[in-house]
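Taking it in order: structure first as structure tokens, then the write-up.
As written, the chains take the letters A, B, C and D, and residue 1 is the first residue of each chain.
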Amino acid sequence: MHISSAFDSGNIKVINKDSNPIELAIGIDNQSDFYQWFHFRLEGEVGKQYPLRITNAGKAAYPAGWENYRVCASYDRHNWFRIDAQYDGNVLDFTVELDQPSIYLAYFAPFSWERHLDLLAWAQSDERVQAETLGLTLDGRDMTLLTIGNAETAKRKVWMIARQHPGESMAEWFVEGFLEALLDDANPAARSLLENTVFYVVPNMNPDGSVRGHLRTNAAGANLNREWQSPSMERSPEVYLVRERMLATGGDIFLDIHGDEALPYNFVAACEGIPGYDEKHAALENVFKQAYEKASPDFQTEHGYPLHGPGEANMNVGTNWCGHQFRTLALTLEMPFKDNADLPDTVEGWSPARSRQLAKDILFPIRETLAYMDGSN
Amino acid sequence: MHISSAFDSGNIKVINKDSNPIELAIGIDNQSDFYQWFHFRLEGEVGKQYPLRITNAGKAAYPAGWENYRVCASYDRHNWFRIDAQYDGNVLDFTVELDQPSIYLAYFAPFSWERHLDLLAWAQSDERVQAETLGLTLDGRDMTLLTIGNAETAKRKVWMIARQHPGESMAEWFVEGFLEALLDDANPAARSLLENTVFYVVPNMNPDGSVRGHLRTNAAGANLNREWQSPSMERSPEVYLVRERMLATGGDIFLDIHGDEALPYNFVAACEGIPGYDEKHAALENVFKQAYEKASPDFQTEHGYPLHGPGEANMNVGTNWCGHQFRTLALTLEMPFKDNADLPDTVEGWSPARSRQLAKDILFPIRETLAYMDGSN
Amino acid sequence: MHISSAFDSGNIKVINKDSNPIELAIGIDNQSDFYQWFHFRLEGEVGKQYPLRITNAGKAAYPAGWENYRVCASYDRHNWFRIDAQYDGNVLDFTVELDQPSIYLAYFAPFSWERHLDLLAWAQSDERVQAETLGLTLDGRDMTLLTIGNAETAKRKVWMIARQHPGESMAEWFVEGFLEALLDDANPAARSLLENTVFYVVPNMNPDGSVRGHLRTNAAGANLNREWQSPSMERSPEVYLVRERMLATGGDIFLDIHGDEALPYNFVAACEGIPGYDEKHAALENVFKQAYEKASPDFQTEHGYPLHGPGEANMNVGTNWCGHQFRTLALTLEMPFKDNADLPDTVEGWSPARSRQLAKDILFPIRETLAYMDGSN
Amino acid sequence: MHISSAFDSGNIKVINKDSNPIELAIGIDNQSDFYQWFHFRLEGEVGKQYPLRITNAGKAAYPAGWENYRVCASYDRHNWFRIDAQYDGNVLDFTVELDQPSIYLAYFAPFSWERHLDLLAWAQSDERVQAETLGLTLDGRDMTLLTIGNAETAKRKVWMIARQHPGESMAEWFVEGFLEALLDDANPAARSLLENTVFYVVPNMNPDGSVRGHLRTNAAGANLNREWQSPSMERSPEVYLVRERMLATGGDIFLDIHGDEALPYNFVAACEGIPGYDEKHAALENVFKQAYEKASPDFQTEHGYPLHGPGEANMNVGTNWCGHQFRTLALTLEMPFKDNADLPDTVEGWSPARSRQLAKDILFPIRETLAYMDGSN
């Protein structure tokens, strides 16, 4: 039996490979207390069962995330399925029976940096796309912004950023699906939108954390979604660079794509707790949410985060900062690590394919919201 | 220079290959006066221009179809683009300049019987699909019905038939897209629908006309969409067989997929002219049309056929017969041979890809209409 | 239970669908006594067994072909596998147990006319390929010749014709593989050959028989491989047209691709029985066969047809006519309907993929033979 | 203008981005003097020309490699083409004109670690393949050995290792092609070989150097192909682990896959300079080389390295050590970074596709050599 994680977004420590179950621990995000993302390969004998225990599950960032969680697994690194697990409040146990000599196991289907670069290379081949490096991360990777449509003539501006929390890989699967829909010449919603809207898309807000196999932070241990009031090039260049560009361009809709460890639903969180939150904010949220709910049975509004009281918002959170700064619709979209309990898939749970589809369906609420803004609805 | 059409849905006659322009005529549907579908291959010298004239264009079934029409062309039988044409009320002229030794030219991108069989073979691999031969056409081909979902437990039933008029190949591209969406495990709208709805889909209502290269009729010259009151196994077995099954199963929504030669828009025609047309009919039409309009900028309600006065409907038309027989929503969906003038594509015009996308988007109005029926909307 | 064959190359007659086993008969080639090709779809209940009997197997063209023969089957029309059968000298019995609602059964994996047209369309996209219609078959289909390489500068000429006997579909799978290898820019053998060799390839010598589901003849019942001395446009235009072009171009190697019903081996038959057969003929055959044997373990020289005595060759056979006319190497390549008994594949038997690979490997004996001709070997 | 290399195998330093030409330098392999591999992305304005200079080209490991060298470039990271360059003995100059917002430039088309893992995952899905981690590199990556065939029953053993020098990425493209051919069920040469031969394949001998963007060394600066007499887990675990396994298994043929910077040809280097080199060695080399030359016009024997005199071989080189240790055929296969001058491709030069094809063609000399060993030739 051999376990390895020396690859893109790999993260596991082998505590005891000779015990039964085999004892593992998730590595902690650099200079941080957060951890929950894991990704490793187990090599063994075909046909044999390997009981595995994540010994430090109970102290992970979101222990509730382990309740009813099922582990993501793949033999071919392409098709990911789920394996049952048991959580006792302390450790996470699951057993792998090998059909092939080795299997990949992860908190969610990974989206690698190589795939990220492939996505950018594909997108730039469309003449409507501008790909631009805003600057570098602390590890020296590119912070890339895609500008889609004509920024000079567009009437409306929509921002989408994803994966501030790098372990939430579904956020980049979502962006991949979104770009496919938006650049599909046969998609009338996309073509219609691009007639007078420009999209600013940051497919990966946290390259270093993604490659390092972090859950929530960048290379310096910064939780980027707590850096929006005063980001710095020293600690949080990822936010600094994007925020500067936002200030320069402005925007009408701000979407920040995330995954939630605990809740088995897709939902949005808004900026109801910011100073100056007003009827316009509320109305746009309603239009957006109702439209999304109509467009996709995978989206719902019943389950979600508790609302903030007036003025209680943490203004260092991207969505709150954007909603306040630009006095317009700003939403955090949360997808589950587990599944959508309203429409469960026992084989795959929530998946890359479903993340991509949810992204294709977001064109509808974007269109409805922009039409509402324009008074044409 | 050589012109050939001895293949699936091929149709052209060479009147004079030595004239300038080369004179062609479209073959007439067997035992019928209808013609407008053409499909042929032209072989010549790379780099040379070939002026072509369809000499009998002016007497085709829908002369208005030639106005602003652009010819469909393909070198590889996969990617289809448009070539400008001129119509003078009598003949249709267009010129082909060859980039490769031969080019396919057609009224619309063909959907072959081989592809039809591939589609059925693919669909049946999904365990939710039943594929069944209802009987045979006059040329002996199978009339296949796909039943998707659980007919015994389903609360609602939706029928979709396509290509009564065989030259309207976009109708089967539409069905292909519809089946892809409906059977996509990552599509929540499809999964949600299939929880309590059964779909009855006839991908091709007119196999013989399709293979023969007809515009509007079956092998015996019957316009199937004028046979619904008293079809017979001798003259119109295609309608007879499907109609019998409809009578046995009933249904809540009936969709008949077509193409329109003249109008450059996607639209539906309803059964407002049938006896007994009532508020329920009207309300369902409204719900469906408004939802479709929201879902797809390629669908609209401004342009379409003139409405029938009360009782003036031709009851031999499938939609009218269904709307009357089942006292529920029955619609003819019309896609353009030309383009959607609201969202034109100068390279491809209306296309297989756009037909497929319009089909994916029809899940939305179906869901909204069924929800309305259930009072949950 | 339903059986249908109204599609490209379909051939079966249902004698008694209520008997046990279900009684079938293969249709006879039009105006001919030959039959052995079958191709049909069986629709039934998933999980149920369907015993089938081909009642006229014993009088087919090659009864020995049924000995140890296993039926080709496919659910998706793409992947073909084998089903055991029993032959008692009179009837062929086999049983199908359905995993899906319908299954395709055939004498060998079919190669449709649509795929033929796709192959030509793909080939012509390579600028080294000329695609040309030599004339029409009796049913009006195109007889297409592909000229690959520069006919004006080439030092050597190689002819390949395939599927004179239309039921030998492996012959066109072979041509597809050959063209893929020959036009592959990364294949040095192909690039090297094309520097000074021109290839004349007729992918399908018998379009009408192929579409009609014949075993051995064209639309008029002519066995094309018995027409080479005096073909006519009335009876055998397929041979007439190709033979005229051969006479105009000449050639250094002539390859005629076939399938053999009885022998479970790949082998070639030469023209040792023609008048004027000489040492050059024999030497070239030896070079070719030894090289092919080295290149592919699927080719062998032990098993094959009995040799003709001097002067006993049937000069109406294509290979004999070519060998005599052009005083050079002319070979009939035979692939098995069954399997290569030296390297059996219990799942697929002889297959499209193996036919294609055998074609890729024929570049080697072609190169060796041409080098021998040039004295450079 | 922006240049980035913070990705798999990235390597460039920007010396002066404001000069004309832009001044670059290749980074030196860690703890080493070697450098020549580069790989970076240039982002700029579409339509604009960017003159680039590699200022330290003249002191690279193989300055002759720059003569007539053309730079590899790709917009989509999939299709790689060549750009002309000028070398004056000191610096390498080339100019990029952007068709898209960014372009990748590399010494040769890269083969990433992600692709390496995909290759292993694909290979292990074949039941004839055992995938096994022999141990770890200094950076902690897996050293993976694929065992293909039945090691217990096989009569012969063939070893293939690749990419000891990590910048020679063509070596892993070669292995990818080799595995595709060897595991192709329709390939009779592969099926025949696997009846009585077992293959031991190490697709990447130098994972750390590959990911780091090195030319010739591992993470510790060791040139692995100079470590075979006394490798250590501290300095060269990659060689240590593989060598130990070789000693345990033995072997009949040893192939070490490389790229050569200077010579525009494919060729092999043998172990003629080792003590004990004898007629058996020489005979096997001859059989192998002659067979390979026949199989592939991309292989030749005229150009290559000067022969070592008797006893003058460097026994730390893998091929020499293997040839001596196992007293059998051991060869270094060299592919060009430039092109095969005998069969040049002006668009792509030597390429991944051609490396893969050369690997498919190596089955032939392997079979011929094993047959010779068995006396059956």
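We take it that a contact is a pair of C-beta atoms (placed from the backbone, for glycine too) under 8 Å apart; a residue touches a chain by one contact, two chains touch by 3 or more.
Small disclaimer: the values here were computed from a predicted structure and weren't measured.
Colleague: Chains shared as neighbours by subunit A and subunit B?
Modeller: Looking at subunit B and subunit A together, no chain touches each of them.
Colleague: Using the touch rule from the top, work out which pair, A-D or C-D, shares more C-beta pairs.
Modeller: By the number of C-beta pairs in contact, the winner is A-D.
Colleague: Of all the other chains, whose mean CA position lies farthest from subunit D?
Modeller: B
Colleague: If you average the Cα atoms of subunit B and of subunit D to get two centres, how far apart are those centres in Å?
Modeller: Distance between chain centres: 55 Å.
Colleague: Taking the mean of the C-alpha atoms as each chain's centre, how many Å separate subunit A from subunit D?
Modeller: 38
Colleague: Can you work out the whole-Å distance between the CA centroids of subunit C and subunit D?
Modeller: For subunit C versus subunit D, the centre distance works out to 41 Å.
Colleague: When you check subunit B against every other chain, which residues touch at least two of them?
Modeller: Answer for subunit B, listing residues that touch two or more other chains: there are none.
Colleague: Does the chain-touch network form a line, ring, star, complete graph or other?
Modeller: Contact pattern: a closed ring, each chain touching exactly two others.
Colleague: Going by the contact rule at the top, pick out the subunit C residues touching subunit B in the complex.
Modeller: That would be residues 2, 4, 6-8, 41, 43, 75-77, 100-102, 104, 112-115, 117-118, 120-122, 124-125, 129-133, 136, 139-142 of subunit C.
Colleague: Can you name the residues of subunit A that touch subunit B in the complex?
Modeller: 184-189, 191-192, 294-298, 340, 343, 345, 348, 351, 353-354, 356-358, 361, 364, 368
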